[in-house]
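Each of the two complexes below includes subunit A, the first together with subunit B, the second together with subunit C.
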Partner chain A sequence: MLRLAWRNLLRTPGRNLATGGVVALVVFLSLVFLSVYAGAFDAFFRLLLERTGHLVVRVESYREKEDLEALTFAPPALPLPPGTQVEGVLEGQALVIAGERSRAAVLTGLEAGGLERQRKLLKAGRLPQASGEALLGEALARALKVGLGDEVVAYAPGGMGLGIFPFRVVGLLDLPETHLEARTLVVGLGDAQALLFPGRVTRLEIRLSGIGLYDQEPLEALKARLKPHLEGLTVETWLEANPLYAALLPLYDTVMALYVGIFFLLGGLILLNALYLSLVERVREFGLLSALGLTGRRVMALVFWESLLLVGVSALVGAGLGLLLHLELLDGFRLPLPQWILEQYREFGLPEVLYGRLGVKEVLLTLGYAVGVALLAALWPGYLASRLEPVEAMRYVP
Partner chain B sequence: MSLLRLAWRSVLRQRRRTALLSLVVVYVTVATLFLLGFLDGYGESLVEAYAEYVEAPVAVAQEAWWADPDPEHGLKSLPTLAHPLVQAVSPRLSVYALLRSPYRLEGGLVLGVDPEGEKGLSRVPAKVAEGRWLRARGEVVLGQRLAERLDVRVGERLVVETGKAALGLEVVGLVRAGVSNVDFFGVYLHLEDAQALTGALATHLAVKVPRGREGAVAQALSRTLPPGLQAKGVWDLMGPIRADYEGSRLLYIPLLGLFMLLAAIAVVSTTYVSVRERLREFAVAESLGLTPWRLAGQVALEAALASGVGLVLGLLLGYALLWYTSTHDVFGPLMRMSVELLPESGLSEHLYTALRPAYALYAAGVVGLSALLALLFPGRLVLALEVPRYLKEG
Partner chain C sequence: MPIVEAKGVRKVYRGDGVETEALRGVDLRLEAGEFTALVGPSGSGKSTLLHILAGLDLPTEGEVWVGGVRLDRLSRAERARFRLEHVGLVFQAYNLLPVLTALENAAFVLELRGLSRPERERRAMAALEALGLADKAGRFPRQLSGGEQQRVAVARALAAEPLLVLADEPTANLDSKTGLALIERMQALNEERGVTFLFSTHDPRLLAHVKRIVRLEDGRLVGEEWP
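After this line comes the complex of A and B, so read on.
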């Protein structure tokens, strides 16, 4: 049966090449699309993780609390596994004043480790090394008309600290999002505490090494270990701390399946046409086969085999080409869009260079669609072929 | 019998084949209409959000202010705008400030407006969900989500500080516009209060012009404005979200082209089989005096008619779908999620697809493409037909 099906496919090479080409193209496009989309998704979430830390400790019910006093806490000692980094962060709103100009900004006080992580964003100057030194977002510095070495004053009333603090600008930060860059003032944790709240932090960021991007199990385990040591505090994984983004994750698979389904529906309809044409061209032949004793089920199986073979070979070619391109995407790629658009995409947290990702799940989804389409498209032509009356079929004139 | 009737009869002879073929064209037509309607609807929702809520259809300011939007580059005097399409003009003064409620601090961009002038220009005054719009000095209207963050309610006081001056204002209204920038960051106070905070007259003029004419009016105004002033249309006032719209068009429209090409290939494939089955019929027709090119034309016409059937059905279905999505807030949940994720984007909570007759013309591309490919491939079979051979075979 398989050999017969294969021979039948080779009898009309032109049409089957065109149909197979469509299926291969659909498989190829699906894999490339999935790789690019997953790459973009990962970049977006990696940035979020980098900014949040794997686990975050804050005061309990912090979302309902209002004033800085209720939102800050003295950092407790935590039993953390070796290699884990914990950093205290104090964050508050401030008005940054430079001469005649002023801008509202988010003042972030970081420990040495946190400041060190700003190094890759440093566009000019250096990291703060002493009290009274600050990093400014480049856009904020531009708006305030200040540069390296200039002085700015941070005014942040309402806390238990000094409420006003002068800083010398020692470095300028280049953040992907201009709206954040225009509101970023980073200082040492000690200075932030002197300004806002002595001895306190708004959150502790815990970073672990060797954890996969979406690997939540080790985070949940550490969370459970930390809970008894956090009186009046709460610990959240980075996804829990960003519930809106977390809500996107379960949608990912559905959206992907839908997108790929749009391609495959077209491929399936074209395949259905090709199988039907193949049937009408061979009505007399099917009649003869039936007359020679081939049962309806076996005739139907023949059509199914032809469909599966055509789609199988094409899907393999498409998947091979798709995986080859994916290997290129793995090393990094830019979306094929004008530079100005890519630069603007940075404003949404999407870097210019993305890295493709294709898991077993994505490949199986694509191949599953291919097999499904092959079976569904063969259903009706197969049924028609199996119901042909031998005598009528042999007399058939198109 | 005319060529058209002949072609139509041939198409109808194989009803089942034509129906199957039509499915492909219907699918591609619906996809084309829907995607074009969605992209245009997205663009229109952005224009509406920025023209009616976040910015203005056209804004006029000093060139220096466009480069460095600080009140020090504000307007020294209010220019007269002489253009027949200008429907309303109102001065605005945008100021960076710190907002202090009894509990919280928030930084933001405060917009000083003429309360009455703003009513003729922006929809924000009409979107006050609680309290009322500005009437006099000493009042402030806030975006609802900003008010929640600041934990202030109507009737409570809010301090606006700029570093040089501060004002205690009464919250008189909360706006719920369904546009992210307004609800999350909107702060509106009386123009004279903003002037008192900064010492500037106004930073820019907001100008109302008819929809779709923003760019042209901005260009025309820029030519007649005094030196140093520049007008910008709404597309130039949009933030990075414009790139998302433009990027989507650049990615999806070629994909539509590919869909159409694949549908045309399916049509031609069917036409090819149909022509091969009827080579003897074509030979007879040629022997009766029809030229090969006329017969090839008939083949192309058959392909166009076969895909045309699908096109008509696809247009009916596609426009029905577009009508539904242009009158029902189907994308509301998706947009509301996007607004929460990207509050700075200026996205609207609602997106209705556009519905334009021109989409039918674009979708009809599949018919033209099918006819062209049919002329090139099955048409060639007819052109290379050996008439005596096929006549003898009979």
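After this line comes the complex of A and C, so read on.
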């Protein structure tokens, strides 16, 4: 039966080559799409993770608190596994003054590691290396009409700190979100504490090594270990700290399945057309098969085999090509999109260079769709073939 | 016990409000080893009777027994399985699967029965040899003449070693010489192996080779001869 199915496919090489080509293209596009899609998804969440750290410690109910004093805390000693990085961050409101101009800004005090992470956002200048040096959002610098080397004064009265602190602008930041860029002042943690609240932070960022991007189990385990040491404080995983973005995560599978489903729906219609044409051309042959003793079920199986073989071979070719391109995407790629769309990506904070990712799940999903489409497309022609009356079918004139 | 027994078989075709009675109460018995021709003018019901005896169609009335099994009581799938196991069929045209070689065509029914490849090829090759086609076993139908294709179809029927071979005008598309040669081959197989044949024909020259002639007219058996 398998040999008969295979040879039947070879009878109309042009049509089956075209149909197989479409199926191969669908599989190829699906794998490339999934690789790029996963790459973009990963980039987005990696960015989020990088900004937040794996775990974040804040004061309890911090979302309901506005007062800086209520939001700050003295970093406690924590039992962390070796290799873990803990960085304090102090964030507060300040008025930034330059000559006669002033703007409200969010002052962020970072430790050395945090400052280093600002490097890729650096548009001009360098990172702060000493006390009294600051990074300014480019839009904020424009509003204040200051540039590199100019002096600004941060004014934040009412705290436990000095309330006023002069900074020299040593670098300008290009942030994805322009509205944030117009309100960003980044300084060393020591300076921020001197200005706002000595010895205190608004959050602790904990970064672990060797944890997969979406691996939440070790984070939950560490959270449980830390809890007894965090009186009046709360610890969240990076996804809990970003609930809006975390809500996107379950959509990943749905969107992936939906897009690939649309690709395969189109491929399936072309396959259905090819199988139906093949049936119409071979009505007499199906009649002969039935007359020789093939039951309707076996006639149907023949049509299914033909469909599965056509799709199987095409899917393997498409998968091979798709995986080859994926290997290229693994090393990083720039989205081949118009500049205005790339701008939108940047608004979301996505890096311009993405890295493809294909897991077993994605490959199985694609091949599963291919097999599913092969079976579905063969269902109707197979049913029709199985119901043919042998005598009438053998008299059929196409 | 007869190999074939038709009792009061009637067949009425209904279409567009018109009823056509193709068979009007046919009674026929065929004993094992018979080599019988079914003759009659076009439209006399020869093909309809053969189709009913093969289980390809059902009678409107009457009983059809083949090899002790009542065919008209079987389901469509059961009749298909019965044909596969017990009936060899040869048609007037379009007998072979074009994508299979002569050997593969001859072995096809055995393949459907699930025989191992060596066994089915051995039996198919023996059938092809008996019909003088051993040297053309690897050829596809398009590479064979009309007569050779019909012989392959007979080989397929014989390789399966059925109870009965039913042939619907097997020589109609062949020239008289080729047709006669085919009938002689079939006759030889009937005599050597005792295979029961029933075939319909228009060709009076072939009737000299049969053991029995059954005449059919207007859907009725009108006479029998034993030449």
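Methods note: the second predicted complex is superposed on the first by the 374 of 398 C-alpha atoms of A that agree within 3 Å, B and C clash if a C-alpha of one lies under 4 Å from a C-alpha of the other, contacts with A are read in each partner's own complex, and residues count from 1 in each chain.
We take it that contacts are C-beta pairs under 8 Å (C-beta built on N, C-alpha and C of every residue); 3 or more make two chains touch, one makes a residue touch a chain.
None of the values given here were measured: they were computed from a predicted structure.
Participant: Report for A:394: first if it touches subunit B alone, second if subunit C alone, otherwise both or neither.
Facilitator: In the superposition, A:394 contacts subunit C only.
Participant: On the A-aligned overlay, A:281 touches which partner chain: subunit B = first, subunit C = second, or both, or neither?
Facilitator: first
Participant: Does the superposition put A:323 against subunit B (first), subunit C (second), both, or neither?
Facilitator: A:323 contacts neither subunit B nor subunit C.
Participant: So, A:122: does it touch subunit B (first), subunit C (second), both, or neither?
Facilitator: In the superposition, A:122 touches no partner, neither subunit B nor subunit C.
Participant: Identify the partner contact of A:10: answer first if only subunit B is touched, second if only subunit C is, both if each is, neither if none is.
Facilitator: A:10: touches subunit C, not subunit B.
Participant: Once chain A of both complexes is superposed, is A:376 in touch with subunit B (first), subunit C (second), both, or neither?
Facilitator: It touches nothing on subunit B or subunit C.
Participant: Scan A:246 for contacts with subunit B and subunit C and give back first, second, both or neither.
Facilitator: Neither: A:246 stays clear of subunit B and subunit C.
Participant: Between subunit C and subunit B, which one touches more residues of subunit A when both complexes sit on the common chain A?
Facilitator: Tallying touched residues of subunit A, the top partner is B.
Participant: What is the contact status of A:292 with respect to subunit B (first) and subunit C (second): first, second, both, or neither?
Facilitator: In the superposition, A:292 touches subunit C alone.
Participant: Do subunit B and subunit C land on any of the same subunit A residues, and which?
Facilitator: none
Participant: In their shared complex, at which residues does subunit A touch subunit B?
Facilitator: 14-15, 18-19, 22, 25, 66-67, 92-95, 97, 100-106, 142-143, 155-158, 178-179, 183, 244-245, 247-248, 262, 265-266, 269-270, 272-274, 276-277, 280-281, 335, 337-338, 340-341, 343-345, 347-348, 398
Participant: Using the touch rule from the top, collect the residues of subunit C that touch subunit A in their complex.
Facilitator: 51, 54, 56-57, 76-77, 80-85, 87, 89, 91, 94-95, 97-100, 104, 108-109, 111-112, 156
Participant: Flag every residue of subunit B that touches subunit A in the complex, lowest number first.
Facilitator: Subunit B residues touching subunit A: 16-17, 20-21, 23-24, 27-28, 31, 68, 70, 72, 96-100, 103-108, 151, 161-164, 239-240, 242-244, 246-247, 250-251, 259, 262-263, 265-266, 269-270, 272-273, 277-278, 337, 340-342, 344-345.
Participant: Which residues, counting only subunit A, touch subunit C once they are in their complex?
Facilitator: Within the complex, subunit A touches subunit C at residues 1, 3-4, 7-8, 10-11, 284-285, 288-298, 390-391, 394.
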